[in-house]
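There are two complexes below, and they share subunit A, which is joined by subunit B in the first and by subunit C in the second.
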Partner chain A sequence: MSEKNGIGELLTLADGFTPQRRGELEKQIDFGCNPRHNAGLASGLAQAVEAVAERWPEAAAVLRELAAVAADYARREKWAYEQADKLMSTPEARAEMDAEIARIESGEAKMIPFEEVLRQLDEDQRLWNERQAGGTQGAS
Partner chain B sequence: MGWKVTFNAVFRARLDDLHAEARSFGQDEAFAAAFQSLYGRLGNDPFGVGEIRYRLSGGKPVHGVATAPVSIQFAIYEADQVVWITHVHRLASPSE
Partner chain C sequence: MAYRVETSSVLLARIQELKTEANAAGQGDSFNAGMKDLHSRIAANPFTAGELKYHTPMGFPVYSAGSGPAVVSYVVYESRQTACVIKVDRLDPPPGPHLNN
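This part shows the complex of A and B:
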């Protein structure tokens, strides 16, 4: 994201939001699961703020808060992708991925349904919560 | 859910470690929520999730998505309506 359309100011505004306020605002925006989509969304909202700022300052104030959380979301997402790319961009990681896909395509690798993974994650978390609460007697 | 989403059993074993690691950094709820969200999205529209990050030597595209604190890589097999999740990583928080 560039500094066009006051993005820097919007990020500063977003930094001042409480987590609760940030959550409320984020719920009002239909973020996608794609960084380009979300960066475009943030940029569009920032442009909308500028477009209405003079004629409709009240509308601009509402939009500005939404634009701020959108810009912050896009910033955090960009950072996450950069971290992920660092992990997967090495020749070793690429070679491992090549080999892994070959194993899957040949039927050599065992694949399990994601539902099963989610169930196990939930179960792990439930047991952990019980232990944290001192409930070491087992399942409720 | 129009697509079958599957997980490499090798990385399934590693997931427990990643979950424990996330817990130690206070990320466990976000970790589980990210998986839940990704499961729904991948099952409905895998091409709309993340981006193609690179291509394998045979030209097969590998997609990646990062929803902090989780990053996954996956391949899409359209003819079979299957998504294969091949790798999972935990992303460190900015404060780590």
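This part shows the complex of A and C:
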């Protein structure tokens, strides 16, 4: 994305959205799992805003909001990938992952379907919510 | 085709640690949503989700936007149509006003 497409302005606009509005707008955009795809999407929307701004200002206003959340999404995603890359690229992290792979491939690691992990997380959340509700009632 | 996603009991314990931290920060629901998002993305297409090359244990992340930054690394065993999560961690929140969302 380049500044010539008004990305800075779009990010400022996105910063002003309420979480609810941001969520509504994000749902209208078909983000992909690939940060390059999402950065390209944001750049394309920003260019579209410029292209229609003069002739179709109403359309540009709608597009501008979409472009703003797309730019913000791409910014957050880029930041996260950079941070994650640093986190996962350390010698310690690589050694940890290599050891885990060795345990998996030797059969030493007991493997669990991820659905079971999610089920346990949901159960944990249910218990946490119950405890919080109990604490609130006890305090009142 | 959907891939199976698995992890080890060691990683499950790590995920539960992170979940406890998220609960303490009042972000337990968000954490669970993030994990579900990661699971569905990897299951749908592990090669796209983290840009992970086949059988290469590089630490490419999957970013769960909108539900708190989370990062996983996984290795894909294509012959078994299975992706094994080998590291899970949480990132600090990104800078910016949206942090308060």
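In this text, the second predicted complex is superposed on the first by the 131 of 140 C-alpha atoms of A that agree within 3 Å, B and C clash if a C-alpha of one lies under 4 Å from a C-alpha of the other, contacts with A are read in each partner's own complex, and residues count from 1 in each chain.
Following the convention adopted for this analysis, a contact is a pair of C-beta atoms (placed from the backbone, for glycine too) under 8 Å apart; a residue touches a chain by one contact, two chains touch by 3 or more.
These numbers come from a predicted model, not from an experiment.
In the three-chain model built by superposing on subunit A, subunit B clashes with subunit C. The partner that reaches more residues of subunit A, of the two candidates subunit B and subunit C, is C. Judged by the touch definition given at the top, the superposed model places A:Glu65 against neither subunit B nor subunit C. In the superposition on chain A, contact is made by A:Ala84 with both subunit B and subunit C. Under the contact criterion defined above, the residues of subunit A that touch both subunit B in one complex and subunit C in the other are 32-35, 76-77, 79-81, 83-85, 87-89, 94, 97-98, 100-101, 104, 109-115, 117-118, 120-122, 124-125, 128. Note for the complex: subunit B touches subunit A at residues 4-10, 12, 15-16, 19, 23, 28, 31-32, 35-39, 41-43, 48-51, 53-54, 56-57, 60, 62, 64-68, 71, 73, 75, 84-87, 89, 91-92, 94. Contact residues on subunit A toward subunit B in their complex (touch as defined above): 32-36, 76-77, 79-81, 83-85, 87-89, 94, 97-98, 100-101, 104, 109-118, 120-122, 124-125, 128. Residues 14-15, 19, 22-23, 26, 31-35, 72-73, 75-77, 79-81, 83-85, 87-89, 93-94, 96-98, 100-101, 103-104, 109-115, 117-118, 120-122, 124-125, 128 of subunit A are the ones touching subunit C in the complex.
The residues of subunit C lying in touch with subunit A in their complex are 4-12, 15-16, 19, 23, 28-29, 31-32, 35-36, 39, 41-43, 45, 48-51, 57-63, 65-66, 69, 71, 73, 75, 84-87, 89, 91-92, 94-98, 101.
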